[in-house]
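Down below are the structures I want you to see.
Next come two complexes built around subunit A: one with subunit B, the other with subunit C.
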Partner chain A sequence: MAFKRVPQKFTASVNEVTIGTGDKAIVLGGENVMPLYSFDAPITNRVKIGVEITDSGYDKTVPGIAAFYAGAETIGEIAKRASEMPGGDFVVLTLEGADPNGANKPIDECVAIAKEVADAIDVPLAIQGCKNIEKDAEMFNKLAEALQGKNILLISARTEDYKQIAAGAVMAYGQKISAESAVDINLAKQLNVLISQMGVAADSYVMNVGSAAAGYGFEYVASTLDRVRGAALSQNDAMLQMPIVTPVADDAWAVKESVVSEEDFPEWGPRENRGVQMEVSTAAACLAGGSNAVILRHPASVKTISELIADLT
Partner chain B sequence: MGRFIVIGERIHCISPVIKKAMEEKDPEPILKRAKEQLDAGATYLDVNIGPAEKTGVELMKWAVQLLQENFDNVPLCLDTANRKAIEAGISVYNRSKGKPIVNSADAGDRIENIDLAAANDAIAIALCAKAGIPSDNDERMMYCQEMLERGMSLGMEAEDLWFDPLFLVIKGMQDKQMDVLEFIKQLSDMGFNSTGGLSNVSNMTPKHIRPILDSTTVAMAMYNGLTSAIANPCDARLMETIKSADIIKGNSLYADSFLEL
Partner chain C sequence: MAYTIVFKVEGGADVKTQAEQGENLLELARRIGVAIDAPCAGNGTCGKCRVKLISGALEVEKNPHLSQEDFDAQWRLACQSKVHGDAVIWVPMSASAFRNNIKTADLSSPEELARYEAMTEEIFSSGIARGVQETGVGVAVDIGTTTVTAAMLDLATGHVLAKASMGNGQIRFGADVINRIIQQSKPGGVERLRHAVREETLIPIFESLCRGADKKPEDISRIVIAGNTTMEHLFVGADAQTIRLEPYVPEFLELHGKTAGELGLPAKADAPVIFAPNVGSYVGGDISAGVLPAMLWHSGEMALFIDLGTNGELVFGNEDYMLCCACSAGPAFEGGDISCGMRATHGAVDSCTIDPETMEPTLSIIDGDKPMGLCGSGLIAIISELFRCGIINAQGKFVREGKRVRYDQYGGAAYVLAFADESATGSDITLDESDLDNFIRAKAAIFSAIRTMLKSLDMTVDDIDKIIIAGGIGSGIDIGKAISIGMLPRQELTKYSYIGNSSLTGACAMLLSDEAAEKVFEIGRNMTYIELSTHPGYMDEFVAACFVPHTDAHLFD
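Up next is the complex of A and B:
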């Protein structure tokens, strides 16, 4: 008997969330098939890639990154360069210098940096905080106000600060937010419920259900992604239908493989290659699990993943 | 598995308020009951217009359009002995939120309602009975097979036949309860969808007892694989039980606020 292929498409679909404005705006989500299963039904909005820079610029210790940004001095110039990285769709500014346990840059200074970045680019902008709850909550609301009309994505709102961020950034200033949970599917759903109960519309938030570098507990991330997308599509669970945006670079460039020098581990080869491999393998695994966007740093990773996406959709 | 489907039973012409509203084509009482049930968690709404021999066609069209226009094309279960009225209701029905349900066919006089469902790409509630109450599960299964064959021969998908085991009143037929539950298990083992008039079980019991018997019955029936019930969604205890059973069965993912969803 001939094999009869039955397309596995669902009546439920992932929500569509738009970031940015005008021609370069991007739409995340919208698919009604399993991740990258474009053979079951067309995937209208292909997976997107965010190119990460920080408030202090870029990582000058990685030759490929340093070469890409060479000559760009101001944060605006660096942002412009990031926005032109082949394969990238949006720029992600990580305000790590805001951290009270680090450089502790004042909020006004961070807002000025973000404005310079936003003014320098014509692609959508996402901003990551410094992971300090108090500072982020206040800073996100100031950023949302200063960048009103830019339709930025603020990463991220957690159980501890979602109320202030949702009320300010989304409801007062019309920006988008990401709901973050740490590889806990029940908490991921609960946080979405709480944000939705505040009156935030389904097209105004995405989620980050947690991540880890490949090899560092990624199997938990993989099963979380699988279960989130399974519930969203096969159970039509409206509280898990938000697009998923996964910051990959942060984890991928922080693990031992990406950090130790070639002098200390000559048999491992150049550090840069290892970092790119960690970034690429983690990002590819996230896409297979259902991430609608990944955040990367290295031009070689962005190129590889963008080609993977193009080939699969 | 998908979540348990509650078909809200409260738009029923046995209620004096609804009967009057249907006679006078007064939208307000009907919309009020519909909203209460949807807010409480009903997926489908049953629209029972009674036998409605003379006015059924017009009345069902009016009710279908009224409810779907006001509640985002809410899926409906068309409940009347008047076949023409069901056809008329389906003719104006918007299926964007789910197929219409024909309530109901049986293996006896009402078997042609399966033909009606097949001809209109609708779901049919298929009561596993012919005349009176089946004496045992062998008899129920025989009727189930008769209706299944008829539906399949007319091109229906098996999943569009929602078999009704016929819930029986505890007060009077206490000894039959486990038979009904066992039959639900048999239906589930064969992969069939099922539904039924849950509140039959608590008929004639004191008012404060009904939610307890209905909830316990639905929990036991869901364990055995019941996929839907025609029930009162405004019964908070019943809905809490159904939502909890959906969590335990894995039909819905747990979150602390699951009862509010």
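Up next is the complex of A and C:
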């Protein structure tokens, strides 16, 4: 008997969340098929890529990254360059210098950096905090106020600070936020329930269900992504239908494979190649699991993943 | 040199004793029979053994469970204090309440007795005949981890002649079975734990029963003991270590041929001692005996039996099969791990309503007008009310502000149940976020165990025809409120029933009938035991249940 293909599309779909304004605004989510299954039904909003820079610029120790940004001096110039990276859709500014246990930059300074970045680019902007609960909660509110009208995405709100961030950033200034949980479908859903119970509309937030570099417990990430998407589509679970934005670069460039030098491990080859491989393999795995956007650093990774997305959608 | 220590027990007589320099105050009190509650076994982690130094000196170690304010007011933790001179110590009711006034389901109230009689009637009308070889009187004992309850029955007529209950003397070795098992493994531990339950608990109970019924120990010709697996092991002196070590197989399930003389119980030397059979490491004789009056085995209806206590035990099934499992709810239901928690004794808040506008509570207090703390049923009521009034969110975090909701400098919040001038202890009674956290975990343990067990049969809570609650805490709980916080499944209230201390009732039936005893052995052998700790789906269910009422809100629509 001949094979008869039955399109596997669902009546439920992932929410659509818009980031940015004007022509360059992007829409995340919206699909009603399994990740990248464009053969089952058209995927209108293809998966997006965010290009990451930090408040101190970019990673000068990686030749490919340094070469890409060569000549860009100010944070505005660097951001402009990032916004033009082939394959990228939006810019992600990570304010790691705000960390009280690190450079501890004052919030005013961080807001000024963010404004300079926002003014320099015409693509949507996402801002990652420094992961310190108190600092992020206050800083996100100030950023939301300063960048009102830009429709930025703030990454991320957690169980501990979602109240302040949702109330300040979303309800007062109309920005978007990402709800972050630690690789567990129940925890992801619980945080979404709490945020929605505050009166935040479903099209105002995305989620980060947690991640890990490939090979570093990624099987937990994979099963969480699978189950979250399964619940959203096949069970029509409204509290799990938010688009997923996964910061990949942070994990991928922090593991041993991407950190140790070629002098110490000559048999492993150049460090840069390893970092790109980690970034690409982790990002590809996240997309296969259901991420609607990944955040990357290296131009080669952005190029590779954007080609993968183009080929599959 | 020896010092003189005087314990002034609130509502009791003064006790004077001699003690050596450096002797631990809690141990000293135990040695001379002054009851001080210490659920953590004197590890300094529960803060329940508070006593007040009236005069004299004690060598003390500072402890986070005692504020500077309380310390300045001469409050001390008995377990952290050592003799350092003559001293007069005041032991407040809250420290000794567990022993004297503990409220347990022990057949002492008319309702309990009526319930007992109805259940016994039901057992003996189901085809099980009364009658045993022995004549005279018998004693049925339920050895609980926290409380021991017993009844003396006339073997011929079945009449309850006397009943007694007492805190388990082993409590000073830890509030939970794991601590007791660890204590047993220490040098001399086997004998110490046997002594604590036999000499300090069972023998006084037997004496009290004999006094109450005007009988002599030689009149006792048959004894039934139902206890959880650990309690039965510790009582007979069997090695309990394997209960807590993988693969969690106890030393014995059934124990036959024991006599009172052999076990050192004050009764006719050749009186048989019948142990209700254990089913697994964490489902013991108290459950196999408790299932008998629950009548699961006699009906085609699918029934869920829940014994709520430090450990929650569940049995699900009908006349054709039965499945059982245990989950560790922790001591939260009995007031442990809760800052203002206490057992269901004098002064405990056992129910409450909160005004949604003003957030003011209306409390119901056991035998008193001023609250001392919260017991399990009070906790369920308050948490349900806090949630209903929107004072806490689904994670048990405070989201409203007001006079009754207090935030500390670190942002942690607490609900004030009673201000200092409203309470019996003279200090505020509050329920904080870590208490809510502990409780939510306890209720999640129960609910996720129910779901996991049903799921293993490919069933859901809608397949349950009736739900039978047993255990001491069950008497007071408001089922509606327990459902509203996601502790028990959303089913019609008419499906629920409460049968009190079913373990003791089952033990009484075994005392009056050889056939009933045989039936309990049959029940024990026929139950399938599921070990939840190694069940792959349990953790997932547990995390989903750590939300009020549940992550899957449809379960409680």
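Please note the rule applied: the second predicted complex is superposed on the first by the 313 of 313 C-alpha atoms of A that agree within 3 Å, B and C clash if a C-alpha of one lies under 4 Å from a C-alpha of the other, contacts with A are read in each partner's own complex, and residues count from 1 in each chain.
We adopt the following convention: a residue touches a chain if its C-beta (ideal position, glycine included) is under 8 Å from a C-beta of that chain, and two chains touch if they have at least 3 such contacts.
None of these values were measured; they are calculated from a predicted model.
When both complexes are superposed on subunit A, subunit B and subunit C clash. With both complexes superposed, B is the one of subunit B and subunit C in contact with more subunit A residues.
In the superposition on chain A, contact of A:Asn236 is made with subunit B only, not with subunit C. When the two structures are aligned on the shared chain, A:Lys163 is found in touch with subunit C, with no touch to subunit B. By the document's definition of touching, of the two partners only subunit C reaches A:Asp184; subunit B does not. In the superposition on chain A, A:Leu194 makes contact with both subunit B and subunit C. When both complexes are aligned on chain A, the segment of subunit C among 6-14, 186-194, 276-284 or 546-554 whose C-alpha atoms clash with subunit B is 546-554. Note: residues 185-187, 189-190, 193-194, 197 of subunit A belong to the subunit B contact set and to the subunit C contact set alike, using the contact criterion stated above. Residues of subunit A that touch subunit B in their complex: 185-187, 189-190, 192-194, 197, 227, 231, 234-237, 239-240.
Across the interface of their complex, subunit C is touched by residues 159, 163, 184-187, 189-190, 193-194, 197 of subunit A.
Those residues of subunit C that touch subunit A in the shared complex are 393-395, 399, 540, 543-544, 546-547, 551, 553.
Of all residues in subunit B, only 2-3, 251-257, 260-261 touch subunit A in the complex they form.
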